[in-house]
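Given below, in the form of structure tokens, are the structures.
Here come two complexes built around chain A, the first alongside chain B, the second alongside chain C.
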Partner chain A sequence: MSKILEIALGIVTSIGGFLDVGAIATAAEAGSTFGFHLIWAILLGTICVIFLVEMSGRLAAVSKHTLAAAVRERLGFNFFVIPLLAEIAVDFLVLAAEIGGDCIALQLITGISFQWWALPVAFAIWLLIWKGNFSIIENGVSLLGLITLVFVFATFKLHPSLTELGADLLPTLPKKDTAHYLFIAVSILGALISPYLFYFYSSGAVEDKWDEGHIGVNRAVASLGMGFGSIVSLGVLIVSALLLNPKGIQVDSYEQAALMLTQPFGYWGFVLFAASLGIACFGAALEVTLDTAYIVAQALGWNWGENLKQKDAARFSLVYTVFVFLASLLMVFGIDPLQLTLFSMALTALILPPVIVPFLVLMNDESYVGKHRNGWISNSVVIFTIALTFVLAIVAIPLEIIGG
Partner chain B sequence: MDLIRDVLDNQIVDRNQRNMGKVDGIVMELRDREPPRLAYIEVGMPTLARRLHPRLQRWVAALQSKWGAKHSRCRSRSNASARLRKMGSRAYHWKDSRSRVKTIPQCLLPTPPSGTGAPSPYFLLHNRGLGYYRYWCSHTNLMK
Partner chain C sequence: MQWIRIGSSLLCFSLLTACSGQSSADKLTKELDSVKSWTATAHMVGDAWIKGTVPEAYAKETLSKTQEELQKETETLKLADSAPGHSQILEQLKQLKDTVAQMSKAVEQKDQQAMNQQIQQLSSQEQTISTLFKQQAGGHE
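Entry: the complex of A and B
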């Protein structure tokens, strides 16, 4: 019974925690600019992320190693330093973007410029991590994130044509603005296949003391949680495509994105959008901040754990304290949150290969996962994802320049 | 036991199972007509930096001497009992026989053994050093 509750809670929190600033921004821009044509990118990214998240959970449950610790131990520091530094850099930008999303949400509600909110938001993130424990961050904030289901309700209310939706399940190139289309596709994949998810998920599994008995829970949470979570992301794209695209409104700022819920829900749509954006970004900011502290501490062998007292994990606590305040400075300086989001999502695509290649080694190494090694389907998906991410990494920067 | 695979980059914990760091470097002692033996394990940023590039090590060591923890604190820490987390492996037995990790040298930069000169008593064993280790063992017929 407790396993069923654990699965249910895991699925619900995965749905609530699925959206972040990247998913909202890329899906909204994709829908407003290209209608339903980029649905395939969300579906493709979701399939990849389901497999990779499941693997990071399985690795942690069987080997008791987090992904970061296992990569360093198995492949050596000279390899691990590449994904480590890349992940820290991307986490920094993503965290700044998440803080930016929170600030914009507060700006939408209060009218006070987002720059003024950067330091208070950073302080709130830090305070919750400092005072809270892993369960509060994992479950509490993600449960609040269920408010993002408003995009799914809006989709049902707008009655989209299933024929049109089905027609865009396979990728097709548009006749014009191809570079921008591909740039948004890369950004969507970068937003969905977020490396911080894998590191955070495996660290969480170790924090929750998962063992081999949790493999079923892990499989259910990863597949159903991420699968249902992606429906929220699809909801953003569909609502944006139905309401903004016909009026020729392209999402150049979050203020324009906020219009997407006003037709189905009136004034409350505006408030619901702000609340969804704020809560989704706040939850993701907590995860990214913790993730950075996790990977640094695990890379260097320090004591780590959100459930530990600060004095028992002093360097771990120092890392997230410094990191969250440094990231908030980008918003204090007034960098456009939406542009930063799209840029950091494309940059995420760039760093994916060194993050994903180790999965192929670790998940086939009996000394780590024993009899729970990857089967041919999982290995095929990893190989496909590696090939995909190599292509994304090569095209990300040129597309950033041409179509971004 | 394969030192590179089973010891290098593994977690070190103290007697209370608190994480102390990773095995960032391994120092082997070369002895006349005897097999080499594990002399030290190294922990710390300068060692990690050296594995990337020797110049990086100098920079990190300079930064650490200026801003890092005080020497006395380091010494008490490095004298702490430590064991490798690889339970059941020979690394664990090594802990039993040697019991304690001795002082961890900050800047041990020995000359790798060469065919012309007398070998240094110590050399570092990491990804690059493995070649030296194999070279030295085969050169001196002490592979076993």
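Entry: the complex of A and C
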């Protein structure tokens, strides 16, 4: 019975925690600019992330190692420095973008410019990590995140054509603006296949003391939780495609995206959009902040753990304290949150190979995962998606930058 | 080593495509899309404000952002070209900005009737500028 409850809670929190600033921004921009044409990117990213999250949980449950600690041990610190630095850099930008999402949500509700909210939001994130424990961060905020299901309700209310949706399950190039299309596809994939998710998930599994008995729970939570969670992302894209695209509105700023739910739900639609954005970004910001502290501490062999007292993991606590306030400064300086989000998501796609390849090495190493090694299907799906995402990123990012 | 070569070839290919591939018509279409997008945003915000589905502060902020974006487009277009018809587009853009400024004023004064009038004006200006842009883009092809 307790396993069923654990699975249920895991699935619910995965759905509630699925959306973050990247998923909202990329899906809203994709729907408003290209209609349903980028649905395939969400589906491909979801399939890949299901495999990767399942793998990181399996690694932790069987080897009792977090992903970062296992890579460092297996391939040496000198090798691990590359994915570590790449991940820290991307986490920094992603965290700034998540804080930006929160600030915009507060700006939408209060009318006070987002820059003023950056430090208070950073303080709130820090306070919750400082005072809270892993369970509150993992479950509490994610449960609140169920508010994002409003995008799914809006989708049902708008009755999209299933034939049109089905037609875009396979990739097709648009007639114009191919460079931007590829850039958004890369950003969607980067937003969904975020390395911080696997590092965080495996650290969480170790904090929760998972063992081989959790392999079934892990599989169910990863596949059902992430699978249903992606429906929320699809909801954002579909609502944006149905309501903003026909009017010619291309989401270049969050103010435009905020109009998305006003047609189906009136004033409450506006409030629900702001609340969804705020809660989704707050939950993700907590995870990214903790993730960075986890990987730094695990890479350098320091004490770590959200459930430990600060004095028992002082350097770990110092890392997240400094990191969250530094990231918030990007918002204080007034960097456009939506552009930063899209850019950091595309950059995430670029760092996937150095992060994922060592992960795959571990998942095929019997000394870490014993008889629970990867099968050919999981290896193939992950290699194919990461290679495709990386090649698309190499092509699309320069095109987007030069094309303005 | 082979991967590095493939990677750098792809990078060179994309840089070259980006530098050479964008025609003036493409650029103009991009500008038009942006102008249309922000004008449609102002339109939707105005409608939503009349219906009471968005707060006043949000409406004001978004309309002010629309003015800024239209100003940016005006500056980009000023630098871009001096073909015939170009000055007409700039004139229309100025009128669009004025209309959005009037919409902002209507929100401040809580004047729904004025907002309705400005929205109607915005619609007709949107059509005019769209036609002008299309003529210009056609001339560049």
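Annotations
By definition in this document, the second predicted complex is superposed on the first by the 393 of 404 C-alpha atoms of A that agree within 3 Å, B and C clash if a C-alpha of one lies under 4 Å from a C-alpha of the other, contacts with A are read in each partner's own complex, and residues count from 1 in each chain.
By definition in this document, contacts are C-beta pairs under 8 Å (C-beta built on N, C-alpha and C of every residue); 3 or more make two chains touch, one makes a residue touch a chain.
If you're wondering where the values come from, they're calculated on a predicted model, not measured in any experiment.
After superposition on chain A, the partners chain B and chain C are seen to fit next to each other with no clash.
Superposing both complexes on chain A places the Cα centres of chain B and chain C at an angle of 130° as seen from the Cα centre of chain A, in steps of 10.
By the touch criterion defined above, A:399 reaches chain C but does not reach chain B. Of the two partners chain B and chain C, more chain A residues are in touch with C. Once the two complexes are overlaid on the shared chain, A:391 sits against chain C while remaining clear of chain B. By the document's definition of touching, of the two partners only chain B reaches A:303; chain C does not. In the superposition on chain A, A:139 makes contact with neither chain B nor chain C.
By the document's definition of touching, of the two partners only chain C reaches A:110; chain B does not. Applying the stated contact rule after C-alpha superposition, one finds that A:252 touches chain C and leaves chain B untouched. Remark: least CA distance from chain B to chain C after fitting both complexes onto chain A is 21 Å.
Considering their complex, residues 7, 10-11, 13-15, 17-19, 22, 26, 29-30, 33-34, 36-37, 40-41, 43-45, 48, 51-58, 60-62, 65, 69 of chain C touch chain A. Interface of chain B with chain A (complex): residues 4, 8-12, 18-22, 24, 43, 45, 48, 51-52, 127.
Looking at the complex, you find that chain A touches chain C at residues 107-111, 176-177, 179, 247-250, 252-253, 255-256, 258-259, 262, 266-267, 269-270, 391, 394-396, 398-399, 402-404. The touching residues of chain A, counted against chain B in their complex, run 69, 72-73, 76-78, 81, 299-304, 312.
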